[in-house]
C-alpha cells in the first residue's frame, strides 16, 4: 500500500513530536521525584547544621559552603582569563594558523572528560605545585574546565556587537583598546555574563574533577583557609548514595534537591538576564 | 605613557590567547609524564590488549581491554538511543513546533543539560535500576544498558542544541524553493533540510559521543562496576572513566597502579581529542 | 600659494582582487568642500577609508602610493589614532553609540583625556550647536541617543565628530538613509561648518554634490575621471564619461 505524502507527513510529525516528549519527560520525572522526596527533608537545620553521626544525621552546611567557595574561586579565575582570550580571538587575532591552533585548543578543552581534568588537577596543582588536596587546587581545576564555556559564550557576545560601533569609535581617533573597553565590552557584557553563569552552574554540579583535588569525605567543620580541604554538595551526594550504608533516603533526596536547586537557580538567573537584555536591546 | 599602557594591555591579551594552548599542552604533559611511566614495567600491548584488569592481584594485571569494551558498550548503547531521539527532537523544535511549544521544549532541554551528572546517577540508581532489573529478569539492575539509557539523556541536550542550530541556519530559500515545487513540509525536511544541515548534524553527534565517553559519575553509579570482559549489554561493566574515579583514591602515589590510571587518562584524552578534532572539522567544512 | 591640506599621490588600493582605486592624484585645499560622485563600486568609500586609515582594519587591503595631511604622510609619519583624530568620518547610516546623547558627544573628548565635567559640558553644547541639533535635544541630554529620529541621529554623529576638534571631516553618503527634510538640515550643517573645516562629501546624489560642494570629483571604476570647480564640472564637463554620467546615461 502506498501512502499519500500528506498522510506520511502526519505520521512523521506525530513520531517527531513523540520523540520530543520522550526527551522532556525525564526532566519532569526527575524534578517531581526530587521535590516529592527531598522537600520533606529540607529545613533550616538541614541547611545550616554540620553533619553528625557519620553523615547519617544533621545538615549539609559545610557541603553547601564548600561548593560556594569552589564556584566563586573558579569563576574568579576563569572569567578574566576567558574574557581576555575571547577578546584576543575576536578583536586582535589575525586569520593565521596560530589562531586556528587556539580555536582547536578551546574546542578540545571543552571535550576533555571531567575525570581527566581531575587527574590533571591532581598532577599539576595537588602534587607539582604542592597545594595538596585543597580549595585552591579544586577551584583552579574547575576554572580550567569552565574556561572553554566562558570563551565560547564571550566570543559570541563580542561578535554580536555591530562592527559599525567599533568603526564609529575608531573614526574619532579612539584607540583600539579604548574602543574595546568603552564600546564593545559594555555592550557585550550581558551576553558574557549569561554564558558565564551557565558555565558556573555546570561547575557547581561537577564531581569527578574535585574527587582527587579537594573533596573531603567527611569534614564537619568549615574550611579555615584556601589550602584546606572542604566538602562539596555533589561529592556529598555521591558519598551518601554509594559509600555510607543505612542513610535515610530523605537525606539523600534532600541533598540532591539542594544541589539541583542551586544549579537551577543559577540557570534561572542567566535566563532572566538574557530575556531582560533581549527586551532592552536597541540595535 | 598612554601608548605604553596600551602596549602592555595588548600584550597581556595576546598572552591570554596562548593560555588555552598552554593548558592543552599541560594536560597532555601531566598525563603523559605519569602515564608513560607505566610502560617501563608493563609492555604497552599488555596494557592495551590485556584481558584482565586486576590491580590488586599478585602480580597485578593492567589490561584495559575490558574497560575499553565497557566504555564502548555503554557509548554505543547511548548513541543508538540518543541519535534518533535527539535528531527527532531537534527537527521538531527547529521546524515543526509552534512558537510557544518551541520555547517550552528548548527550556526543557536546557534544564536537562543543567542536571548534574551525579544527580542523574543517583536517580538512575534508585529509579531506573530496579526497572531494568525487573524488565529483563536480571540479578542486578546496574548494567551497561542502564548506563546507556542515562547517558543518552545526558548527550541529548548537546546534540539537540547543535543540530537545531544547524537546521535553523539552512537558508530559507532552500526550503521555500522546495515547498514552491509542491513538496510537502516533511518531504522538504528530509530531502532538503537534513542533507543541507548534515555536517552540523554530524558534528553534533560527534560531540554528543564525546560527552558520553567522558562521562564519569553517572556511569560509575549505574553500570555496576565489574571490570571483567563484558559478554552482553545486560551485564555489569566498568568504563575507563569510572575506573579512574573509583580507584584513584585508593592508590599509592608513584605505584604501578597509579601510573596505570594516568595511562588510562592519556588514552581517554587521545580519544576525545580525536573526536572533538573531527567534529570541529565537520563544523568548519559547513562554514565554507 | 597656499599649501594644500590633503595631497593624494599615486594612490592604489586593492582588496586582494581587482583594484579598488587606480593611480589617483589630486589635492584638496584647506576649508574646501569636495564632493565625490560616481556610480556604485567606483572606489568612493575605499578612498574615504584610506584617508582616515579605517582600511587598516581590513586584513586583505593593500595600498600603494601616499596620502599627505599637512605635508605629512599619514601612513608612514603618523600613527592611526592621530590620523583618525584629525580626519574623522561620518558614516552612511547614523551610528549613535548605545548611550545617552551627552555621552555620545563627550565620548571622543573623554577618551582623549578630558575629565573635567565643566569643560565637557562646554564641548557638548558647542558641538551640538555646530551640528544644528542643540535646540532639539538640549532638554533631554541624558536620554538615549537611540531614541532620536534618523536625521537627528546623523546630526548627532556630525556633532560627535566635531567634539574631537578634527581638521578634516569625511562624509560617506551621509544622507542615504534620510528623508528630504532631514537631508536639508544635514546639508545646512555641512555648509555652516565650511568656515572651520575641510570637508569631503561622498554622495550618490549628484544634485547634493552640486548644492554643497566647492569642487567636485568624479570617480569611475576606481579611477579619477575628472576633478574641477563644481560650476565648471556640472555645466561643462571635460570628459565625455562625466557628461554621460551627469546626463543619466549610466549609474
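A, B and C label the chains in the order they appear, each numbered from 1.
Heads up, the rule we're going with is that a residue touches a chain if its C-beta (ideal position, glycine included) is under 8 Å from a C-beta of that chain, and two chains touch if they have at least 3 such contacts.
Quantities reported herein were computed from a predicted structural model and do not represent experimental measurements.
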Chain closest to the middle, measuring from C-alpha centroids that were averaged per chain: A
From the centre of chain B, which other chain's Cα mean sits the farthest off? C
Between chain B and chain A, distance of the C-alpha-averaged centres to the nearest whole Å: 17
Nearest whole angstrom, what separates the Cα centre of chain A from the Cα centre of chain C? 48
Taking each chain's centre as its mean C-alpha position, how far apart are chain B and chain C in Å? 55
Can you pull out the residues of chain A that are in contact with at least two other chains? 175, 178
Residues of chain C that touch at least two other chains are none
Residue numbers in chain B touching two or more further chains are 2
Which chain A residues qualify as touching chain C in the complex? 94-95, 164-165, 167-175, 178, 182-183, 187, 282-283
Which of the residues in chain C end up touching chain A in this complex? 52, 54, 57, 59, 81-86, 88-89, 91, 93, 95, 97-98, 107-108, 111-112, 144, 146, 157, 160-161, 164, 166
Footprint of chain B on chain A - complex, ascending: 5-6, 8-9, 12-13, 15-20, 22-24, 26-31, 33-34, 81, 84-85, 87-89, 92-93, 99, 101-120, 122-124, 127-128, 144, 147-148, 151, 175-178, 198, 201-202, 204-208, 211-212, 234-235, 237-238, 241-242, 249, 252, 256, 259-260, 263-264, 267, 271
Flag every residue of chain B that touches chain A in the complex, lowest number first. 2, 6, 9-10, 12-14, 16-21, 23-24, 26-27, 30-31, 33-34, 84-86, 88-89, 91-93, 96-97, 105, 107-112, 114-123, 125-127, 153, 156, 160, 183-187, 189, 207, 210, 213-217, 221, 241, 244-245, 248-249, 253, 261-262, 265, 268-269, 272-273, 275-277, 279-280
